[in-house]
Every structure is written in C-alpha cells, then in structure tokens.
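Shared between the two complexes below is subunit A, which has subunit B as its partner in the first and subunit C in the second.
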Partner chain A sequence: MSYAYLFKYIIIGDTGVGKSCLLLQFTDKRFQPVHDLTIGVEFGARMITIDGKQIKLQIWDTAGQESFRSITRSYYRGAAGALLVYDITRRDTFNHLTTWLEDARQHSNSNMVIMLIGNKSDLESRREVKKEEGEAFAREHGLIFMETSAKTAANVEEAFINTAKEIYEKIQEGVFDINNEANGIKIGPQHSPSNPALGGGGGAGGSQAGGGCC
Partner chain B sequence: MAFLQWRRFNFFDKEVVKDEGGQVFDGLKGIDISVCASGRGQIVIGDYEGNIHFLNRNLELSTFKAYELRITHLCQVKQQGILVTVGDDEPGTNPIIKVWNLDKRDKAGNPTCSRIVRAVPGKEASPVSALAVHENLNLMAIGFQDGTVVVYRGDVTRDRHSKSRVIHHTGSSVTGLAFRQAAKVNHLFVVTRDSVQSYNLTAKDHKEELDAFGCEPRCSVLSDASQDNQFVIGRPDAVYFYQTDGRGPCLVFEGEKKTLQWYRGYLVVVGKENKSMPRPTPGGQSRDMSIVNVYDIQNKFIAYSAPLPDVTDVICEWGSLYILTGENRLMQLIEKDIQTKLEMLFKKNLYVLAINLAKSQHFDQDGLVDIFTQYGDQKYSKGDYDGAINQYVKTIGKLEPSYVIRKFLDAQRIHNLTAYLQSLHKAQLATEDHTTLLLNCYTKLKDTNKLDQFIYSKDKEVDFDVETAIKVCRQAGYYDHALSLAERHSQHEWYLKIQLEDIKDYQKALTYISKLDFYEAESNMKKYGKILMSEVPQQTTELLKRLCTDYRPSDIPLADEQTLQGGMPARIHKAPADEFIHIFVSNSSKLMEFLEHMIKVQPSSPSLLYNTLLELYLHDMAHDGSQKAELDRKSMDLLQNTDAHYDVNQALVLCQMHNYKAGILYLYERERLYQQILRYHMDHDEYVHIINTCKKFGGQDPNLWVQALAYFARKEENCRTQMMEVLQHIDRHNLLPPLLVVQTLAHNSTATLAVVKDYITRRLQQENDQIQEDERLIQQYRQETEKMRSQIQELKTSAKIFQVSKCSICNHPLELPSVHFLCQHSFHQHCFEGYAENETECPVCMPENRKILDIIRAQEQHKELHEQFHHQLERASDGFSVVADYFGRGVFNKVTLITDSPAAPPPTGGNPFMEPPDVKPASKPAPKPAAAAAANPFLDEDDANNPFLDEPESTNPFGDEF
Partner chain C sequence: MNYLKNFLATQPGTQPTGAETIERLCDRVQSSTLLDDRRDAVRALKALSKKFRLEVGTQGMDILINVLETDRTDGEIVNYALDTMNNIMCNNPEDDDDEDIPQTNGEVRQEPEDLGGQFTEIFIKKLENVQLLLNFLEEYDFRVRWPTVKLMTTLLCNRCSQMQQIILNSPVGVSRLMDLISDAREVIRNDGLLLLIQLTKGNAAIQKIVAFENAFERLLEIIVEEGHSDGGIVVEDCLLLMMNLLKNNNSNQTLFKEGGLIQKLTPFFDITEASPGGGWSAQKVTNLHLMLKLVRTLVSPNNPTVSIAACQKVMNTCGLLEKLCMILMASGVPADILTETINTVSEVIRGNTANQEYFASVNAPSQPPRPAIVVLLMSMVNEKQPFVLRCAVLYCFQCFLFKNEVGQAQIVQTLLPTTADASAISAGQLLFCYLLVNVTILPITNHGKYAPQGGKLQTRLGLLILLCSWLSDCSIAVTHFLHNATNVPFLTSQITDQAEEDEQLAQGLFALLLGICVHYNDNSIENFTKERLQQLISKRIGLESFEDKLSFVTKSDHYSRAARSPQPRYDAPERVLLDYEFVALFRQYEGVIMKAVRPKTKEEEQAEQKTIEDHAGIVTQYKELIREQDAELHSTKQELQEVKVKLSETEKQLQEQASMVQQLRDQYSLLKATKGRESPQVQQTEAGGGAEEVARLQGELGDSKRVLESKTQQLMERDRTIEQLKNDLTVAEAKAAVREASEDGDAGSTEDSTRPLQERIEVLTREKEELRTQLSSQETQIQTFRTDNEALKSKLSAQTNGPSPDAVAAETAALQAKLAEVESDRACSEEENRRLKEQVQNLQLQNSQLQNSQVQNSQLQNSPAADGNADSAKLEEEVRRLSEEKKRLEEEAETASKEQDDLLVLLADQDAKIKKYRDRLKELGEQMDDDDDDDGDLEDDEDYEDEEEEEEEDGDKEED
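Take a look at the complex of A and B:
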C-alpha cells in the first residue's frame, strides 16, 4: 500500500473517555460496548485521502491510567497529531485537560496539531460539559474542537480527517520539516522529497507556446 | 487502583512429561544444558560439553559430539534438516559456526557437517551473542558481544559464494536478531541492550532506528502473522512491539523477563517471580521460581499463568508448548480445546470475548451462532432486551427465527421484535409470516415513519412478500401504504380493491385502470365495472368506450417512438363490448350512450349489442313518454339499418313485448312473414290493413287472400265490402276452387248470398266457356287424327307414283340412276350419295324428321323420372293437367308400341325401292321398339306436316286449361 504521507497520531485523555472506542470506530468501523482497559499503548492504521493524496494514519491509542503515563509519554514524541479526548458526561475528564495538554506540549514537538474531542455525544441526557465550554477551552488553547460519538460514529471520521487536513496544510505552509521524522511525518516511498514544483515552469511554457501559435 | 491487568484464564493444562511407562521423563538429567532449539519433530539441546542431543517425539535421546568445548547457540531451520550451531572447539574467544545436515548421516549415524567457519566480527574476536538464520538458507546473521552484526549472504550450508558483511556496529552487546520476510523484502531486526533497529537487507541495508532502549538476551522474539510479524522485546516495564518502520503497540506486562517465546498467536513470557511476594520454600531449599505467562495478544487476555521452578527454556514442538525447568524436567502445557475454552468463558458470561476468540480461531459459523444465541439468551435473562436482540440478529440465517420471535412476542418488547424482523428482512430470509408480523409491529407501534421507510424506501429490491405486506397494511388501515405498494409492484387487483373498497376513491381507481395495459384493464373493468359505474358513471362509460374501441394505456403517448420511426403501430386492442353490458345494469342511459357509441364506431358489433340497444329504446319508449318520438325514430333507424346485426327473432320478441307495432310489422316484412303481418292485423281487427297487406304482398303469397277470406268469413260483423274485395282477388288469381269458397263462407252466419253471387256467377260462366272450348278442340283433334289415319291407309294400300322430274338436290333433270323416296323427293344417285347421311333417309326431310324424333325421345326420357313426376304432381295446382301431360309424352304408350312392334313392317320389305341393294336394315333388330319406330321410313310419309309433331299439343287438351 503506497502512500504520499504518513502521519503519526496519538490519542490521549483520561481513562474511560472512549479513546480505544474512537480508534476502533475509525479503523474497523465498529463499536464494542464492553472494552477492556488498555494496557500500555495500542496501535491502529488506516488510509485516508486528502486533496487527492493517499495518506496513511498511524495511531497510537494510549492508556489513560496514571500508572502507564511514563510509558505512554514516550509515544508523544514523533507524533504529528494528537486527539485529546474528554468525556462530556464526566466533568473531571474535562477538568484534567490542562494537565494532559501541558504533558503533550512538553513531550512532543511544538508543531503537533492537537484536536480536542468531547466524546460520547450520544449520551446527551447525561451531559455534564457543555459544548460551549469545550469550544471555549479549544479557542483558549489554540485547538480544534469537535464533539463525537464513537458509538454512533458521529464525527469520528471527521475528527481524524480534519486533524490530517490541518497537518497537511501545515506541510503545505512549510511549517513542518517533512524530512525530520521526529515530527511524526514521513514521505511515502515513491514520493521523493526532491520532487520539484512543476507548476510555474509548465505554465510559463504553455503560454509561450500559445502566443506563437496565434 | 484499578486492576491493571488483562483477564486471566486457565486455557492450558500443565503436565509433567512422562515416558511410555508412565514414569516421569528424566532422560535429560545430568545434561548441562546451554541452549535449546526445536524443529522438524525434535528438540535440539546443546550442552556445555560440546554435545548436541536430539529428543524425538517418543522421548528417545540421541547425542553426538559437535564441539570440543561447548555449544553456545543453536538454530534449527524449520523447513529443512539444517542445524546451525555456534560453539567453541578451543579455549579463548574463537567461536566457530558449524552447519549440520541432519538428513545426511555419517557412518556413526551422526549428522554431517557441511560448513565450518570462524565467526569474527572484524579485527578483534568477540563472543557470539546472537544467531539468526533466514528460512531461505541464504541469509545468516551473527551478533557479537562487541555490538557487531555480521550478515552472511549466499548459501548458508556452503563456504563458496558466501559473503559476509558487517552491517551494524554499536558499543552495546547484541542481544537478539530476527529475520522478517514480507513480500520479497527481507528485514533484520537487531536488538542490543540499549537500542532496537531494523535493517532492510533488500534495500542496501537501510537502517531504521526503532527505539532507544533494548532488552536482555533471549528477551526478543518475532511474532507470527496474527500480529503482523512484529518484533517483540520484553523489558522489565512492558513488552514492546515493533514494525520494520516504527514502533507498534506496547503492553505493560511488568516484571523482569527471562525468556520470550511466540507460540501460535500466544506470547509466552517467562519472568522472574516478584521478589516482594513472600514465598514458602517447600523442602527447605530456596529455588528460583519463574512465572510463566501465556498472553493472547489478539484477544487481550492471559491464557495461562503459573509459577514454575527455574525455567531454563520454552520450546514449541510437537504442537504443544514445552517448558524446561530446573533439574532438566520437561513440562508440557497442553492447550484446552476451543469448546472447553468457550464454556469457561460462558460460565463467566464473557460472551464478547468468546465471540472474538471463536473468530480468531476461525471457528465455523454454526459455532459462532451458538455463541450469539447463548449471549442473547443471557442478555435476555438479564432483561437487556436491546442487547439480546443485537445478538440474536447475528444468528439470522442459522438460528430458527421463531425461537427469537417467540421470546419477544410480548407487547412490551415489540420494538425489539421489530428490529429483529427488520434485520431478517434485510438478510432476505423473511417469510410471509415474518413480513406480516413486522408490518403488524409497525402498525401496533403506530410507527408510521418506520413503515414509510420499510415500504417506500425499498425502491430497487424487495425483500418481503409484497402481497402479504399489502394485506397487512390494508387490514391495519394503512391504505396509503398498501396502495403505494400495490402500485409499485403492479398488484393491480389489490390496488383497485383498496381504492374501491377501502378508500372509495373511484375516480382514482378509474384513472389507474386507464393506465393499465389492455388485458389488465379489461379484466379489471369486468370485475369492478359495476361499482365504478354506480359511482362515476360518466368517466366509466368513457373508459369503456375507449376500452372497446382502440384502447391504449392513458400514460402512453398516442404515437410511440416505434410508430414515429415508421415501424408497425402496436396492435390495437379491442375488448368485446357485449361483455361489459352487465356493468350498466342500473344505468340504462349510460348503457344507451355506450352502445350507441359502440355501434357507431363499430357497425360490426355483435348482435347482443344491437339487441340490447333496441331493448333499451323500446323499454324507454314504453316507460318514458317524453321522448317517445325520438326513441321511436331511433329504434326504427336501428331496425332499418342494414348494417345492424341484431337478431331478428329476438328483436321481434322485444318489439312484441313492448308492443311496438311499427317494429313488429317492419320485422315481419323484412323476414317475409306476410302471413304474420296478416295475422297481426287480424288479431287487431284492422280490416283496412288486412286488405292492404293482401294487396301489397298478395303477389308474393297468394294464400294471403285465402286467409283473408277465411278471416272475414269467420267475422260475424258485416264486412261485406271487404269480403267482396277479397273474393274479387281470389277470383282474379283463381286461388280457390269455388266449392271451397262457398264452404268457407258457409261458416259465416251473416254472409248473404249477395256477397258471393257475383263470384259464383262469374265462375260458372268461366267453367262453361272452358267446357265449350275444350269440346271444340276435341273435335278438331279428332278430325285431324282421322285425316292422318286415311293418309296412312293410303300409303299402305295404294301405289305411289314418282313423277318428279328434277333432282331435289341439284335441281337438274333427273336421270338414271336415281333414288326415290315416298315423300316425293327424288335424287340423282350421285347427288344422293354425296349428301345423304345414310341410305334410308331422305336428305331433304331428314332435318325435320330428326327434330320430331328428338322431341319424342325427350318426352320418353322424361317419363322415366318418377320422382319428378310426383314432385310436379304435388306442386301443380292442377294435378290432372300434369298427368295428362305425361300421357302426352308417352309415359303409358310403351305398351301400345310393344303391341305395335310386331305389326311394324319388316325392314327389308320396308324399302322395296331402294336402289342400292346393300341396305342393312337387318342390323336393326329393334331392341328398342321406340327407336325402331322412329327409324321407320313410314313416318316420313307426311312431308312437313308430321302428325306426331302436333300430337303432344293436340293430345293434351287439358294442359292448356288455363
């Protein structure tokens, strides 16, 4: 399976907010109501298409438990994107966001795109964290925000893909050094980094030829 | 703190390996084991004395000396009988690689050594710390304690063509090596104490730094395909997985690891027992205890976990897992069968895990369905109906749906049932009953949305029985749904039934019918025409008109593409109009309209149409006075229409029933039933009409007058004038013998003699005249006969003088030889011979004679025809004249001729004057007396005035009676 880019993601957040379920929904398109505790770090991959380019997402789903923090932290480095997940039915998971964010910023590269996700949006009746609060937090910390439901698959796809888009834009803007794999971005085997920009030269040639013809 | 571990099960049974005699196997006792390997049905053990021991399945041990000092590494290639060893033959750091061919034995029965090479990392010697041989026997990697990895390319078993190359050098001792082959790309994983790398051996040994920490020796292993052939290393904090291009998952299995082994999807980790746990020391002596954990990585549980004393190695061979423990005891871990495992999971209600496990073990569908069913049952019993139904849905196709349906029939759980039934339909496994049930559920739940979805959304394929669905919807009062279903699936009957019987939208039903194709439209009109007629008569009539003339579905353009392109126009269908008449049973005006239209458009319509139309006219005429004139005209037009195919008899009956005089009379006349017309008038005592009728039709049927006479004769009233007139006609045409007239009139008591006086007188006068005429004729004939008789007599008796001087043919003076005939004709012989057809007849008289003879013969032929005679006799008004006529033809003169025949002159004597002598009258023996008589020359006696010629006329005086 060839790809243009490979982006590495991590999913972080308190235990039980639905990180593994988001990953399962995204990679396998299914929902498992009973999910065992994640011991360490799990891994998933999926191909997506952005701007006509195949992009492979490698996602590490980390354990939310405090006791695994030392191991999971080692996975922050080398991630281009992070999904910071909280549970809209549990305020404490929202309250811990600051800690997670600090942790992520400290252990990852500065350009990492972080998406804030309020999961379990299907459980509207048990909501404890308003959507506006999430939005406000995201605005304050420069994050993208989205509410999702791993159960109904609402916005799950979008969450992952929007993050990828953001990273892709940053690449286009030249913010990321794509040759440094520590940034969590890899160029696909057939896309050599020395690929010159053909657009300008080709266009100029074309207009010249057109003038001559007429 | 949460219990941060996977679930633990006991999916393996631990057993001490025993030999055949049931004794604990202790064949390895005393061997100072340095390294173990396995493959090709045997366990290979190297010891610190340079020996290699093979242990086969039957626990038979064989040993040979491979090195002088010791063996440090073993690698048994799985697919071929090749064993690669690393050991020392001499003291000091001088490791030697030996390649053994186990299939080729020397005289002593030991494997032959096919290659011996010194393992040197570079300039300085270093002890070997890791060995890996690629299964394709073309790659071998040796890791050294100084952190060097040497890869040998080329045939492993030979020295030739083998190249070695250092691909890796760090300061840290190499602790593990593993080859990974995937799609023709070979990678080598190298793990040292503080790093993990992968090398792409196919692409210029491209190096990928995977991690910045490593593991102890024997704490790395390559997983199998179930985990994507990831490289696994065990560290005290966790087990880390690596792909060739980066990190994979990481599982926190805490504890110091001694050995990692991969066995059929399981990761076997041998760890040092947690020192913090107080441990009783049986037997006083403290031994190192090890913990053996078997992890199912895919399904995330611990399949086995037990402390074992001092594990030295874990060996996978003979389909099982063997553990070499302290004192060289061999333990076997026997995996329980899947059924047992599942039952264990069921007991703990871990159905999800059971399902995952079954799937990962490629459990068959039936088995999975069993699990789903049990899971469903369990959820059901716990009251989690939603969950239960989700499980039951997965059993669709295997489990009998009724099992599930019965459980959810309770009204409380109808939405669960609905979900199940929906899935059943989606799987296309629903029967009619299921459809019924589902629709009933929808209607019970008043879930119109779902119903809409079910019925309307399935445009392309239908996974339910349409008819059932229509029925149910109809029963439940969801007419619109039923209608749309019926319309979409062309269930015309249902559509109309619902439209007419439930919704009562007749107009729509009618429009619908008009869109159907011809046959459908026809049959449906027959079926529902009555209702439609009673509700929307105008439109129904219009449709029927169309249907019976040139029907085409109303939504098809008049000229379709085919016709436009010059193709043959589609066949025009016409329904027989007579089959629709009954529809109009209570609406005669529409029927009239319909029939008039039909007759106008199709004059060749069957008679029933005309009959019915006539009946309608007459009926209306009889009951509705207002339009009498109009109807009268119409019905007369109909009757007089020559194209009208009405049944005359029926029309007559109708006219009579409704007492429609003009029609009756017209029909009688048309059928030439003049008698009937007369009788009709008689019945109505219309004398003028009787006379008129007689006058009008008397020409065709004279009997009319007779009947009229009889009628008037019976009348007691005074109808003298009529009687007179009738008699006049009877008289004129001589219709009745006078006697009968008198007899007829005699019945009438009022008729006077004056009535018949004229008639009688006239008749008598006529009779008298006739008699006189007849007598005169008789007289005349008698005279003629007499005259002829005398002529004959004269011919017979007196001589005849031939004194003709000229030949009757050439008119020249007669000269000899000549021929003379009694008829006074004479000829030159040469003239006679030239003209005469035969020698006995006069050529001049012959044509005349022939004519007479032919007439006679013709008359004689007639007399044979008795049939004709009888027929004529019966038909003739005057039988006597017929008989007389036949007399005249000679019917009865046969007898006289026979009696005459002997009296006839002999032929020879008959021609005494014949000049040519050779006359052969003898050749005529007169078998037929009539013919002989005809040939008789005496008949020629009278020249043109042949008396026989006149005979038929003259002897038939009665034939000319009128």
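Take a look at the complex of A and C:
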C-alpha cells in the first residue's frame, strides 16, 4: 500500500488499435498477438516511480467498439489521465481522433491529461499516418504525443510514465484538487493526514508487493 | 388540504367516487394558473395515489410528468409529484398506516397485478423522463433529491434491465447515482445505497463503473463509520452492494484486491470485544454473515484459479484467516455464524498449501490444546450438532485435503489408534471410529464380506463410493477385489434385482463398480478376466440394462445437487448420498465404462489386434528405419567431412592450376608469337583467330620486309654497277677528250660524237640520282614498316596479357589498317620499282646507243688513220679498250637487268601475298566496321598524303 499517489487512467481509441495490448505490455510486460475483443472495460494496475515517489496507476482499458461508447463515457469523469490511441497503419483510426477528443473533453474534468499515442510503430512498412501528422495533431490540440509499439514494447513504459509525470506536475502546480477523488487522483494512505490507522493495516505492505505485480 | 377538505365536505351525502375526484384534481392541476392551486391539487393526488393507484396513474401520469418539467423550480410541487408517482409505481408500498385504508380496502384489492410495473414501463418509454429524474439528482434540495432517489429505486425494482440500459446510456448517469452515497444526509445516503443495490444487479458494466467511482472505498468508509458489524442495516446494505459488485465480476475482484481492500476487511472480524452481553443482535448476525459471504465471494471455487490463489495469499498474510480461525474457536458464537465461518475458512484454505498448513497448525484453546481440525471433526461426528454445521465441517475437511498430499498422508497415519491415551485423539482415529460405529462392516480389509444389502442406503452408497474411488485407476486393488470369488456374483445379483427408486441409485453405483472392475482388469484372475466379465454382463445383466442402471445415477436429484458446488449442501442428514468429488469421478468414468463393458465384436477385436500388431510392426519398422537413417546420417556426416577436406584440397589445386594456366597462357602466347614467325600457315585456328592471324600477318610482314631488304640490297648493288658504269663512262670520256686533243682535225668531230655521249651519261647519272632518291624514300617506307611492326608486336603482347575479344578485335582492326598502309606503300614501291626498271631499260638503251656512237666514233677514228697513224694507233687502242670497257659495261648492265627481273619476280610474289592478306583482312574487316572506319579515315589521310608525294615525284619525273 506504500504509494504516494494513485492515478486513474483510461485508454480510449478505435477498436483494434492495440489498447488492450498496450495495457498488457505495461502491466505484464508481454505481448499477446491474438487478443479477444474487449467487452466493456477491463482493469489493470501497476506501480511506477516518479521523482522518487511511488505512484500507483490504475488503468481502465475501454472497448473501442461503437456499441460500448456509452459505457466508455462513464469513465471519463473519474480519470486523471487518458491515453488516446490510434493505429499508424490505419488512417481511419487517425481520422476519428477528433471525435474521440471531443467526447473526452466533453465528459471529462478539464484537467485530465491526454496523451496521444500512435501505436504499432513496428509496422513501418504498412505505415499510413506519418509521425509528423501525429505530432501536428497533438500540437494543435495541446496533447502529449508519442509513437509506441505494444509488440516490441517501444515507448510503452514512457507513454504511461510521461502521462503520470504530467499529472504529477499539475499536482505540484496545484492545478488538480487532490482531495476530490472524482478527479481520478488519490493520495496514498501514509500521506493522508486523516486516517493513518485505517491505512496501516498492519504488515499489509508486504502482501501488497505481491499484488502489485499483476 | 383545505381545498381537499372543502371538496370532500361539499358532498357529504353523495360521496364522489375516487375516479371522479381524481379526474377533477387532474383537471385542476392542468388548468390552474396559480402555482399554489396546482400544488394543492398535486398534493391531493398524492394523498389519493395509494388508494387509487390505477386511477391516478392512468389519468395523472402525463400531467405529473408535465408538472415535473414545468414547475421544476418549485421544490414542493416536485416533491408531491415525485411522491405521487412513486406511490402509483411501487408495488409494495410501505404501509405507513393510512387511516383511510380500511375504508377503501375493497377497491385497493381489485387492482391488476404488477400495476406498478406497467406504469413504470409507460414512464420509461420516454427516455427524457429518466433523464429528467437524473437531472433532479443534481438538485441539492432535499425535497427534490430524496423522492427522486426513491422513485428511481422503484423504477429499477420494477424494470431493472431496461432502466440499467437507460442509465448506462447517460454518460454521467451512474456517477450521479454514485454521488448519492456521499451525501451528508444519511437518509439520502441510505436510500442511495438501496438504489445502487438495485442498479448493480446483474449488470457487469454498471458494476464496473460503480467500482471505478470509488464505491469500494466509500462503502468501507461507511461501514467503519457505522461501527462494522455492530452497525445497523446500513452496514448490511453496504455489504449487499459490495457483494453485487464483486460476485462473478473478476475485474472488480482484481480492483478490490489491487486496491489493498482485502486488508481492510480484517477488522470486520474483531468480534471478541464486541460481545459484551454475550448476546448477538439479529442485525449483527446478518452483517457478519454477509461479511463472511463477501470473503467467500473473493475465493469462490467458481473464480479463476489465479485470482483465487492471489486472494487466498493476501488473506493469510493480512491476518484475515487468523481472525476467522479465532471465530471458529471462540465461544458464544451463534451456530449460524460458526457454520458460515467454517465454510469461509474452507474456501480460504482450499487448494492453497500455505493456508492449509496454517489451518493445520491452529489449536483450540482447550486443556490440553487440541488441533482445530480434531475439534471440528468432533463436532462433525456428533450427531447432536446442527446438520448444516456438520456439513460445513465436512466441507472444511475436504477443502483441507484438497490438493494437500501431506495432509492426506498425515490423516492416513492416524487412522488407527497408536496410544491408549484417550485424550490424544487424532483426526484419523475420530473418523475411523465414527465409521466403525455407524457402519455394519466388520473387517474392512476383507471387503468382500460386508453385507451392504441390509444396511442403510446411505451407508451402502458410502461404501460403494469408497470402493469405486478405491478401485478406480488401480489394477492391484481390482485384482484383490476379484480375488474373492463371491464378489462378482454379489454385484451382479445386486444389479439385476428389482429395486425401489432410491435403491436404483445404489444399483447404478454397483454397475459403476463392476464397470471399473472391467476397465482396470489386468486379466490376472482367470475366472474374472476382462472378457469373462464382459460376457457375464451381457448375458446375466444385459448391456442395455447395465447402461440404464448407470445412467440412472446421472438422472437423480442427488447427483445434480452434488454436482453444483464443492460445498456439501443438504437439507437433511439422510439426503447425504453423493458428493461433489464422486460426481466428478462418475463423470470421468461413465463413458469409459460404457465402452469397456461392451464386448468387442470379432471384427473390432481383430481390427484392434491388427492395429496393435500393426502398431508393433510399425514401431519396429520405424525403429529399423531410424537405425538405418542414423547409420546413414553417420556415414553421410563422415562423407561430408571427407568431401569437405577434398573440397579444400581441390580448391588449393584449383588455385595452383589457375596460376599454372596463367603461366601456360603466357607461355602459349609467347610460343604463338615465336611460332607465328616460324610457320605462319600452320597457325590457323578458329578461337583466338585474331591473335593468330595477327601473329601470322606479322610473320608475313617480316617476310615481306626481308624481301624488301634483299630488294634494297639488289638495288644498292645495281646502284654500284651504275656508279661503275658512270666511272667507266667518265674514263671513256676523258680518253675521248685526250684523243680529241691529240688529233685536232678529228677532234671536233670526235668531240661532236662524244658530246652526246657525254650528255647521255649525264642524263644517266641524273637518272641514277633519281633512282637513289627513290631508294632512300623506299628505305624510309621500310623504316615505317618496321616501326609499325614494332607497334604491332607491342600490341600483340598487350593482347596476350589481357586477351579480351574486343581488344583483339580492335588490335586486328588496327593491324589491318596498318597492313593496308603497308600494302599501299608496297604498291608504291612496286610502282617505283617498275619505273626503276623502265629507267634501267632506258639506261640500257642509252648504253647501247652510246656503244653505237662509240662504234661510229671508232669508225671515224679509223678513217683519219692516214693522217696520223701513230697517234691514231694509240687512239685506236684506247678506243678499243674503251669499247671493251663498253662491252663490259653492257654485260654488267645486262646482269643488272637480270637482277631487276629477279626483283620483279619477288615483287610479284609479294603482290600475291599482299592480296591474300587483303582477303583475310576483308574477312576480319567485316566483323568490326566501326573501328575500321575510324582507322580507315586516318589511313585514307595518310594514303592521300602518300599519293600527293607520289604525284609530286611523278611531276618531277615528267619535268625531267
């Protein structure tokens, strides 16, 4: 349980762009080429370190299919960060970014950090969207941008961690109201002044280390 | 209310029916312009809505919705409207004891079933209506928020899945509902909990969103605030909601575990200090019961194995298991809780070695301390204990042994009593004694002699299950069993007997046992081999009948009940017939046995035999094949090795040979060059013809050169003779002059006669000079030939160094061109020669003329002899000598002419050769035109110059 902050992320984007694979690569460090279609929302978690502080990331991987869109929308409000993913080998997924972004901006809290991700960078030969286009889109809409490959794990860590860094900076700047858990940020138990007895569930820390890996 | 009272009061005698009143009220709500009037009307409707649900609903629903939309700013009227709607839609109104109810009882009873559901359907048909309610939730006003929550709950109760979909489609719907449990007003919070319980029923998507909105943390906070299990019904609601979120929702379970919330469950079970009076309130029992269920949800055997194991581990390390075991051993715990705790502990330790070990180490606080397992088993074998409790202990014991080989071994070791000390009771002993008491079997080792026929069905089934489990997958046990010759006849008789319904279950098990005996038969007992048993079954029982008996087991209630879950759930002790593990075993063997007992037809048998033989044959074949292939592989490897060595050697040789070839080639070209000089005709091969040709040409060129040289020599010789002739002539001239001087008279005439001679000689000398110049030019030409030849040679050597066909071609072309040059030169020299010859002929002629003149001269000399004899005699002598010399000269001239003839012949030869060259060059020239042309142009220029020179020479001659 020894974390300074807990951030909630959501991963959004068209179906088949590799959202679940990104999450799996980040949490389990493995790649599953054949992945079942995500139904509704799936959950994953991992601990990272930023600025010497342990930060727990709780990540909700959403279904990209249109039919699950309304369910997905329910998650925007409570998330501190969002990874908006497109597939560099499918231009239509890039073209839909505007819709996704509008949806996200409309339903999320205004401080939510959005990271734009062009996934499948390992498939250079099939590339349909230039890196510069992604960069331009990100610049235009004030997003952080990165190209990743869930297959080779290139930039996957960085994508999640950089998003967390951005959120962390916003906390330091006082932009986020960290006492409002609806923002998707929670202060760790030992940092919380209110209830040390509750968080100190005895030697629970040791057991959590085991839980933290999955 | 005044309005209502007035309304009711105006017609005391003829009280209007409810429907009429409602109609008026509805009219009033719609038509009134004053808010107060409308509000009163709605209030009146609300008051009637419980009694006249149908009427109010049918007439007032739309009007009320309209009120909600138009008068939303007025909390009070909204409150009335919402309450009214809730009343008409709620099927189970909380009876707040309306005093009017007894009066109108009859009317109420008449309303159709699920009226509320129907109204709900009408209401939610319009999605905006639900959205309207969701918007009301944003209103903080208690008068609005509370009835909205209640109405939403009612709607959800009536049409759950439809409402869930509508709420899901609203992006903030779920989170607005979630906000309710954070409301500071407890009433709203508590009703919000009820709402969420309805909302999360059976909808995983909503469950996840609710969990995402920090529901677990919030609920745990509420539980802590309310004082854990001592809290009231709110704790129960919280627990129910948590159950909803976790049950069968793996994602939420992971989130729960991940969020470190299992640890937060531990304090729930601190019950030791929480029982001051010893009595447990019903609410506390319920709460605790739910808390235990919550723990069980996380480790339910239906969950994925990985997540069970993870949760079990956390529960052990965070002390939750310890707390549970403390409850087990605590006194004063109600049986209900104790049972559920045992079940919970069972599932927390099931299949988890560490937890099982911990459980085995738990001691009961008795004197002397006994292991908790023993204490529990004591309860189990105590028939006075509640049956559910005994079942729970059984389950616990099963879970303890599940995948626990160490535990199993320990139990087996303690089956028989080892000490006389009565207090040192072991688990195994306890079980064994219990069995001994209850079962009428005497020597269990000799299992043939039991008499299950007479015993209780339960006992018999138990024994059969034991035997089936025992014999399955163990041929030795089967052999031992068959060793007793009475066993099989006993089994068959049991199977074939007519039986009552419950007995049929036993028959099924008998059939299974017999089937296992067939399947695991190693044919070691002669009378009961596989084949014999098969025959026995088909003859004595009949295959169909056997299958019927077997399949009866799966059709029985007991079977399906036991199959449901590992936890034994029985209504009464006598219902305990089959268990989960046995059902698993039965499932495993049913099909196998059906196949095993069916005697194989001969064809099948043969086929099988054949296939077996085939298999054996195939295996041996393959073995041999593999052996052969292995050997082959080995030899091939060796060969490969050898071949590799050879290859490297060969490569070396090849390199050597290549260098040798290079040397040879050099030598060959050298040889060719030398050979070409020696015998040009011999070398006439097709490949590299160019070089050979060139070499040959070169040789021929050399020849022609030599010829030319000889010709020049001859020419030089002739030159010399001519020189001599000239000298002779001058001598003769001088003599003539002397003679002239000696004889004056004749002198003039002599002089006259000698003058032309002299002149001719002069001409001759001039011609000689000409010839000489021509010769020198020829010499220079020969020089050019030589240089050309040198160039050719160098090119040829270059060619042999790098014999690319193109270069050869170019070379040949160049050579050709040069040859053409040479040819033209040759032609020139030929012409020159011809001219020379002509001149020589001229010279001859002149010489003869000169002779003639000399003769005339001598005649002349003879005539004046009379004048001066002596002088004349001298003169005559001189003349004679002169004439002689002349003759000699003539002869010499003749030899010169002869030589010239020879020269001519040689030139003709050369001509022929040149022609041959030309032909060959033509052949070559056809092949390479471009190079030819380039070179040809140059040559043409040269030729042109040569021609000019020749022309000049000709011109000079003509001038001469």
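What we mean here is this: the second predicted complex is superposed on the first by the 192 of 214 C-alpha atoms of A that agree within 3 Å, B and C clash if a C-alpha of one lies under 4 Å from a C-alpha of the other, contacts with A are read in each partner's own complex, and residues count from 1 in each chain.
Going forward, contacts are C-beta pairs under 8 Å (C-beta built on N, C-alpha and C of every residue); 3 or more make two chains touch, one makes a residue touch a chain.
Only a predicted model underlies this, so the values are computations on that prediction, with no experimental measurement involved.
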First (subunit B), second (subunit C), both or neither touched by A:V34: first
Touched partner set for A:H107, first subunit B, second subunit C, both or neither: second
Partner touching more residues of subunit A, whether subunit B or subunit C: C
Contacts of A:E42 with subunit B and subunit C, given as first, second, both or neither: both
Touching partner for A:Q65 - first (subunit B), second (subunit C), both, neither: first
Touched partner set for A:Y76, first subunit B, second subunit C, both or neither: second
Set intersection of subunit A contacts, subunit C complex versus subunit B complex: 8, 40-43, 58, 60, 70-71, 75, 78, 186
In the complex, subunit A residues that touch subunit B: 8, 15, 32, 34, 36-37, 39-43, 58, 60, 63, 65, 67-68, 70-71, 75, 78, 186
Residue numbers on subunit B that touch subunit A, as the complex places them: 1-2, 4-7, 237-239, 241, 245-253, 300, 352
Residues on subunit C engaged by subunit A in the complex (per definition of touch): 168-175, 204-205, 208-209, 212-214, 217, 224, 251-252, 254-255, 257-260, 263-264, 266, 310, 313-314, 317-319
Interface residues, subunit A side, partner subunit C - complex: 1, 8, 40-43, 45, 58, 60, 70-71, 73-78, 107, 181-182, 186, 198, 201-204, 206-208, 210-212, 214
